[in-house]
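Some structures to go through are shown next.
In the two assemblies presented below, chain A is common to both, partnered first by chain B and then by chain C.
Entry: the complex of A and B
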């Protein structure tokens, strides 16, 4: 089974949030959406979740009871305990009794939350709260799991817990669509979609995206063209869209671009093209 | 500018029976960017709130610009909290006017990115524009100390690079900067690092000082998710870096054996450890306690 959003356009007033976007999410794999503020990540996820309606295009998603959605905001109730949060959501899906108890115990264990089962959600750390949100989104074993920035603001150790949960969900057959601002995470997905201002800049597997990237990225302490450069750690990187892959411009050092470089370079190319 | 801008001396903060910050001593000098690292709940934000005089210390002593963090000294400070600290029910212009009055400065001009939003309520702004406004508000009075609590959380790669240019520029003009982050690439841009765990300061110095004696092994295989599940089930302290699996303080031969037994072909090689691995080992020790 493959779920999808096809040729989707969504407008909010005069703003075009999604512009002719097509994304497929096959069962058993993780599709990652990356992009900045206003790129359209949340709108794309909400479109697939049935939370916004399209101006044009089509959505193919399972019925609500087979869909799990973790919104960008926490998605749990602060005044309920961890257990109460899970039970409340599970109840909506008709899960009860021994079946619920077993499922709850299994998920708490996998999310390393067992010791916090009786704690109010308000008293959880950010990482724990995000894991609780994930558990609530997946408690009914959805066919399609939609996660809006599940790892943003989460420490590196909790991020690994969340990735374990995400990859286990995909391994057990769910189609997973998630957004993230951490580009090293997106590399892990079977398929990644780079959005910029409502449009797909590029999509494919990490290897495909890398192979399709044209031009050269160089490294310098001082860039030649400020509008084509960005900071990477203590050095600056610069993009030469026209340069042949065989050699960067004289006097510069080429680097092997990672996904972060590629996404920034493509975003700059679009901005600079729009400007000129 | 000379001397220490921010100083904590044996600072402890308790909330009831819970010790959020436990005997922490640290300082920030002019012109340096100090990175404060630690898991969620390690005590970073509580330490910051004490340094700024927003909450009282249970014991120990805090100095901001050479004395207690009172109102006069706080005027010489710029602070961007995790929640950005803006007034959602005021417009962009009203937020700026309010903070300019509070700091006794002329109202700053709106940069290009915000010029179209002057009359817009802050809660209706895109998050990126809100963040830009929070930085403008915190920097308009040229603070001697700048404190940033996860300034780039949820920010895209390009905007994050630009924010770090701003942070570096503040240090270059002489401000001392204290910044928390979960991005290890950003930690590498700091002049000095502090690592907190369970309320205590457990390491400080350069990246190498933080990593200490931690070692790591990288496992590369076609199916990362399966290898990850196998090593995780075997109880190994696993991390992910892109699609490579990393294991802290592990014996490469032992890992190869576990993977081999599961029928997974993989290359297993020692690699330089990272700050994340040190953090993972600290977290596992906490869970074991």
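Entry: the complex of A and C
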């Protein structure tokens, strides 16, 4: 089963949040949506979750009974304990009794939250709260799991825990669509969607995105064109859209672009094209 | 310091609600207090019954606004007119001295009437019904019950609803397989119960501490309170749909609460207010609940005598609750109804939303 958003256009007043976006999310795989602030990541996820009306296009998603959603906010009720949060959501999906107890214990164990089961959600660390939100999103074994920046603002160890949980959900057959601002994280997904100002810049597997990248990225201490350069650590990278892969411009050193370089280069290419 | 002042002004200008409160509220308070803050009742509605009803009615000073003249009427008829709040004073002619019955549940009208009757001398025998000692607490307690219900219904409920929005959990609820109407009912049911318990406690305490009588049917009282609660809970839900934060909800609830305190007849008598302000009082739910609570508790009025406030409150409950629910539904289900997509088996059919 593949869920999708096709030719989706969403406008908020005069702002075009999504512009003719098509994304497919096959069952059993993780699709990562990356892009800067205001790229349209959350709008895309919310459109698939049925929270945002499309001005144009279609959404194919399972009924709400089979949908799991972790919003960008905490996703849990602060005045309820971890157990009460899970029980509340599970109750809405019709889980009760021994089935719920077994599922709750299993998920708390997998999320390393068993020791905090009786703690108020308000007293959890940021990472624990996101894990609780994730547990609440998958408690009913959804067919489609939508995660809005599940790892933003949490420590590296919790990020690893969350990614393990995401991978397990996909391995058990769920279609997972997640947004992230961490590009190293996005590289792990089966399929990448790079958004910029509501449009898809590129999408495909990591290898496909790299293979399809045209132009050259160079490294120098001082860029030739400021509008085509960005800082990576102590050096500056610069994008040459028209340059042949074998021939970097004189005085520069070509580098193998990683996903971060590719996303920034494509975003700059689009913005500079719009300006000109 | 200059930067701080500029920043504060910029924030203030963008916070339209606070700005409105700062500018509109003083003006409103001035106008409302100016026209509504009046304890002086210029006329009282009067009935004259008995064989000399017509002659007596002609002899009464203009302060007694005779609205009912019944030569065939008896003292029982006069008491019914008072109980049903049709008049404030009733003269029963045919006896000497003439009994003048005063409706003590309309405190300010009764005080004015008693003062006017005392000037008449021995020709009239004044008898105050329903609040013989004209105690303020007797008329205030039934109204305060309504005020407490209003407070819980609007402020507490709207904060509880807005908290979901602030925490982002409303977004979570929006994608869950639960109908918006059930979300609303599930959210307000605890407040309904708490408000009901509060109402019972305040009523019992009012009776015990202030010796306020409860002369009417408790079930009719409970029915009136339940309908009124639906109105104020609906207002609370409505306020939550137009507020993004708890602070905004409190501000907005205050806009709804203040007129209820000042213009519902709870403090200042409605009949003493200028007509330009009085009509606002007749738009407020607390006005009608006070009519019901004072009528049942003090005068022992049956539900048939209170049909008007019951009908008005029921209409308000339907309008406010429906409006609030529709607005809340819009917040919860912005994408509208989903429809099945052909690609998915019927049992777990996919939905396609255009």
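We adopt the following convention: the second predicted complex is superposed on the first by the 276 of 276 C-alpha atoms of A that agree within 3 Å, B and C clash if a C-alpha of one lies under 4 Å from a C-alpha of the other, contacts with A are read in each partner's own complex, and residues count from 1 in each chain.
We adopt the following convention: a contact is a pair of C-beta atoms (placed from the backbone, for glycine too) under 8 Å apart; a residue touches a chain by one contact, two chains touch by 3 or more.
A quick note: this is a predicted structure, and the numbers were derived from the prediction, not measured.
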| item | value |
| --- | --- |
| Simultaneous placement of chain C and chain B on chain A, clash or fit | clash |
| First (chain B), second (chain C), both or neither touched by A:204 | neither |
| Comparison of chain B and chain C by chain A residues contacted | B |
| Chain B versus chain C as contact partner of A:28, first or second or both or neither | neither |
| First (chain B), second (chain C), both or neither touched by A:231 | first |
| First, second, both or neither for A:164, with chain B first and chain C second | first |
| Which of chain B and chain C A:241 touches, first, second, both or neither | neither |
| Partner chain in contact with A:59 - chain B first, chain C second, else both or neither | second |
| Touched partner set for A:78, first chain B, second chain C, both or neither | second |
| Clash with chain C, by chain B stretch, listed 26-34, 98-106, 206-214 or 224-232 | 98-106 |
| Overlap of the chain B and chain C footprints on chain A, listed as residue numbers | none |
| Residue ranges of chain C in contact with chain A within the complex | 167-169, 171-172, 174-178, 333-336, 338, 341, 343-344, 348-354 |
| Residues of chain A that touch chain B when the two form their complex | 34-39, 112, 125-128, 149, 152-160, 163-164, 167-168, 170-171, 181-185, 187-188, 206, 230-234, 258-260, 263-264, 267-268 |
| Chain C contact footprint on chain A (complex, rising order) | 1, 3, 47, 49-54, 57-67, 69, 71-78, 89, 92-93, 136, 143 |
| Interface residues, chain B side, partner chain A - complex | 38-42, 82, 126-129, 150, 153-159, 161-162, 164-165, 168, 182-185, 188-189, 224-226, 228-229, 232, 238-243, 276, 279-280, 283, 287 |
